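Common to both upcoming complexes is chain A, partnered first by chain B, then by chain C.
After this line comes the complex of A and B, so read on.
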């Protein structure tokens, strides 16, 4: 009898442990898959510092989100997909409300699990572009804008909103030879076929990131009219240095947002004048948002940032802050919808589908002009925020355009096709037909 | 027959039609080759004297470069930061000998190899704790390394040679010459070679194992610093430099693990051939990015013919 009671007690404890993740929690477990080590730490670290510092600020200033403290643990992946999957398993078993894979490679690996494990995946400004289709990817979110949105905005900007003007021209895509770097290729190929420009793919292997002479010799030989860059980590600094060395015209060199990273440009300073990057955020250290982070986290000695190195003012750190701002808005929306501050994964999923970061809300958050307003819905998991083209003036980035818009007519059919192909390849894959807008 | 043209004719026609570009490709290959040789040298030196494949060589490059830049950022002038960094590398060599190697004397090679993986992990953590993970600018100008360009206009085209690349090549040549003189002409150098040839015989004639290990790890530290300065000048100093250690492996396979000259010639061969292959065959025919694997394929082909590498010692063991 004693054995039976003991067994029953153990079984209850075990069962409770198993079901705990599905239950609402007294802290909001929003862990991050970070990489503060390895070849991508240089760009990863400031983003992760920003994400962490905003959550720390909410805990310090407001006591969390609607009174529930945020538990923002990190699991180190080193940008390695296998380690990322291990981190995913760990976080899942520890009851994480969300996973933040922080790599397109890890995102693609974990994406099929989201429907099974029913954990929302949050990939702000990265991941698989077709994740915008909430009907197909019920549990995956990539606000505020996707790589295909970014590629479209860049193409609109360099063509003066007339892609036919690129007919006969050559556009090189210098990209990391990795799922992330290859992400814009389908859209760019479609645009090249439609508008008659030549797309030259220039991959950069992981071990060549710091020595891109072969890639830039190719660029010198092929003389492309524009070089678009989808780089990350040490690749961006390497490319900018080689561009200077090759004397490639900086005003024809345009990067996706990750290339808006001041320490990479500081390596060459004035010589990179005219280099541009499309960015969905713009650094404003004097904003109320950043001043609150400074007051409650940085000045309080609770931040890991390199203050002497000026990390606080960088676009990457402040982008990390905004990534957590968006997530916190998703949590708030979930709490409002659920009518309780203690939410579960399903409720958070609902929250992510109801983010409304309009101008009024951005002003309340003290983030006016730091990013464009956007909202998500059941069918739209990206939000499609607009972005600015920012330019390096020799010492800092300045805005050189108004907010740019992606061409939905080009992107949406591709998304529909890619989402359908993904669902077909991963059968049985649930489609949320109730999701119409 | 159509497939023959892009493989056997067009690449050579391209070389002839744009000779200035070919010169640039060869120069870039030489610079890469010298850099690969530098990294491989660090491996070879330690392997020669202790039969340890030093997994930590890559992170030593990062650590040395970070120490140099980190000291400068903390207000130490460049002329002082350089010897201080060398001092740090000496302390590191002594620490590794005392804490890691000495207790593992006579252990199987694989144990020592695993110990160097441990050193790698330790240095990653220590480096990040002290210096942070962000990309830092190498203090190239402050060290007196020229940063301009030499522009030549041969054959009606142009060839650009960066002064810092030229400095790197000259510096590497000087370093190698000094190293070879040290190994062949000095008493300590001969002791290192003796230890590599036969541990027990060397010990029996009074060569101190711990002194030689400290010396060899210190020299590897100097080479790591030189490598870190040269690579860091190209794209900044960050933990991404660690990846370049991967480039040393095919060089070692090609040149042999025990041969200083093998490391140099192997490095240059790989540097030049991979660049020429990438530009004239890889990019037009295979979509590029062949540098990631070309060196390994080349090394494997060499290993098929000479398992000990081009310059490695043929070891015959009685069983």
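After this line comes the complex of A and C, so read on.
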């Protein structure tokens, strides 16, 4: 009898001891605004699967980040800005540490509010290029690299690092007629004026993404020396099919990273041979990182990916994984700085400013050569990771260049101007003058 | 019993023409206004304001504008979204060109721009009717959205091609822009909606409203009794586009904070048209009921799986939501083809004669 009472008391204490820290230890709420429905679901879904699966893997393998589980909820927007407002408010009221808008339209709405609501915005590889200026955009982060970096790297690559060689040539920008697609125009216009090439803007409206015959007729007539593509969703597949149809030389057709999407290219297979895309990531299914995701998430049946369709090996899915890798590094940095695993928004902001993904860290993560090393700072919210030019060989993408560098001397003055203009249009806008580096 | 009208005598013409001849209707309105002005602000959180209350009011206003044209004057329009856009872009230009301008003045002025555009696109209504007119307004929809994209002056040549609402103060309180609180914006929208609704009720039951209705019911007969069709149709386009324009300005300035041209796409026109149809064409209250069903209900439904603890993914909830709302729309329209407003009117009728139905 006595023994049982003793056991019961002990068990109670033990149970209390177990549950108490579990109560104190909250979860890290890092929700995502997803679009698995709507016109951009085709490219959205693999990225969102990747983001989600890496966080699931951390929860399964390590029990979260430094012992705190990650709660990676999704709020479906369907790329609809109206849903974006709803999701932003919902997540914020539920105590989200970060907002991931996943659409330039939603970014536009959320960006001015990040300062007021004091919530970090994480827009990996998208959003405004000017967000690199951490002094002006204290709460916004777009690592590892921005669109202006991308545009500069593409121009360097196609001109053989000598932009003057493009003098008198014609370069077309086939872009989605949307804030996102217009993003590289200021930089390309500045470069065109300086180096004497002609920039031809070919916008594609949201409603004509799948039938771009008018645009490609124009390209056929104008015969540009290069076509750069800033597309998303159904637009990329449509453009590649039209390019094949009009027999545009594939080795003159270069896309930004979102165009590195295997399903769009496997439709035309060999005919798209020579198509290039600038990508800040490179798929490597045999890496330790991807093998861990496979072991803990995919094989355990906890992933939503289309395994039969080979989604696991796609650049888009693995890019999604890396997006979460970068965010998890931000969280880790925040935890180290704060000295506690349970961080708040302000601490996470500090963490995002201290991401150090060097070669050693990438090797530890098992992601060597999947992306280039970079680091962020108070004044540099982008990190400016370098990127590769990858080429479609008829069945898969292969790296065809070393890591490319963006021309900072061209970009930084533009960033400064754009950031100042943004702050002026949104007065009162706080400037973080404490930033020096 | 609740709605007993016995004993409420009308002894003068004035009493007979009162806005609420039945006392209970007035009480009901007082109750709703109390709810809107006192109870909601005290109980709702920021999410409720930004995701439900403010959008419902703004969409109701847009539907009200469309209802004047389609429901009262019988002119079918598919260009509501674009007219909202005209109001929003006009307000943006006014605010950026004259930063000192009072935001209330800017919003009410911007309505005139969309009214002018509305009248211009309403001119074909003098010659064509029904579906043909709908196609003419559809042209307005596509043309205006194209214009919003191509005319860089409209968005002050910003690189993104989108308009961003600056922080605007009214009597020392920020009402628009990122620094405005949800509560201020809600009150602002509520006041504008109340004023416009009051004017609309009186307009539609007065001389002009009767002219519109006669044109809607049979335009040849209306012409024979001496109604100037051109004037009647164009005033309907003017008033309707004016209200739609105001709602567009509120839509961007008091709620969204930023907008790109695609926002005013045909999807928006359809949404407003659905609200007007489901609420009930030719009624004022229907717009509010329709907006609650189309705008607020999906938000509420998306919480249900979480509350019940059902493990459903975010995308699946969205799919289910579309299906449920679709079924509800069809269901309501089968039960009452004249919309939710008529549904309420029937309930009210039953309540008045209860417990002695005849």
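Following the convention adopted for this analysis, the second predicted complex is superposed on the first by the 412 of 437 C-alpha atoms of A that agree within 3 Å, B and C clash if a C-alpha of one lies under 4 Å from a C-alpha of the other, contacts with A are read in each partner's own complex, and residues count from 1 in each chain.
Just so we're on the same page, a contact is a pair of C-beta atoms (placed from the backbone, for glycine too) under 8 Å apart; a residue touches a chain by one contact, two chains touch by 3 or more.
Since the structure is predicted, the reported quantities are computational estimates derived from the model, not experimental observations.
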| item | value |
| --- | --- |
| Clash or fit (per the criteria above) of chain B with chain C on chain A | clash |
| Partner chain in contact with A:266 - chain B first, chain C second, else both or neither | first |
| First, second, both or neither for A:115, with chain B first and chain C second | second |
| Which superposed partner A:218 touches (first chain B, second chain C, both, neither) | first |
| Touched partner set for A:308, first chain B, second chain C, both or neither | first |
| Partner chain(s) touched by A:233 [first = chain B, second = chain C, both, neither] | first |
| First, second, both or neither for A:37, with chain B first and chain C second | both |
| First (chain B), second (chain C), both or neither touched by A:274 | neither |
| Which of chain B and chain C A:208 touches, first, second, both or neither | first |
| First (chain B), second (chain C), both or neither touched by A:373 | neither |
| Chain B and chain C footprints on chain A, overlapping residues | 36-37, 177, 205-206 |
| List of chain B residues in touch with chain A within their complex | 18, 21, 24-25, 28, 31-32, 35, 73, 124, 128, 132-137, 149, 160, 162, 231, 234-236, 238-244, 246-247, 275, 278-279, 282-283, 287-289, 291-292 |
| Of all residues in chain A, those that touch chain B in their complex | 36-46, 177, 201-211, 213-215, 217-218, 220-221, 233-234, 237-238, 241, 245-247, 263-264, 266-267, 306, 308-309, 311 |
| Chain A partner contacts - residues on chain C that touch it in the complex | 45-47, 50-51, 55, 149, 159-162, 164, 166-167, 177-179, 255-260, 262-263, 265, 299, 313-315, 317-319 |
| Residues of chain A defined as touching chain C within the complex | 34, 36-37, 73-76, 78, 81-82, 85-86, 89-90, 92-93, 104-105, 108-109, 112-113, 115-116, 128, 177-179, 182-183, 185-186, 205-206, 304, 418, 425-428 |
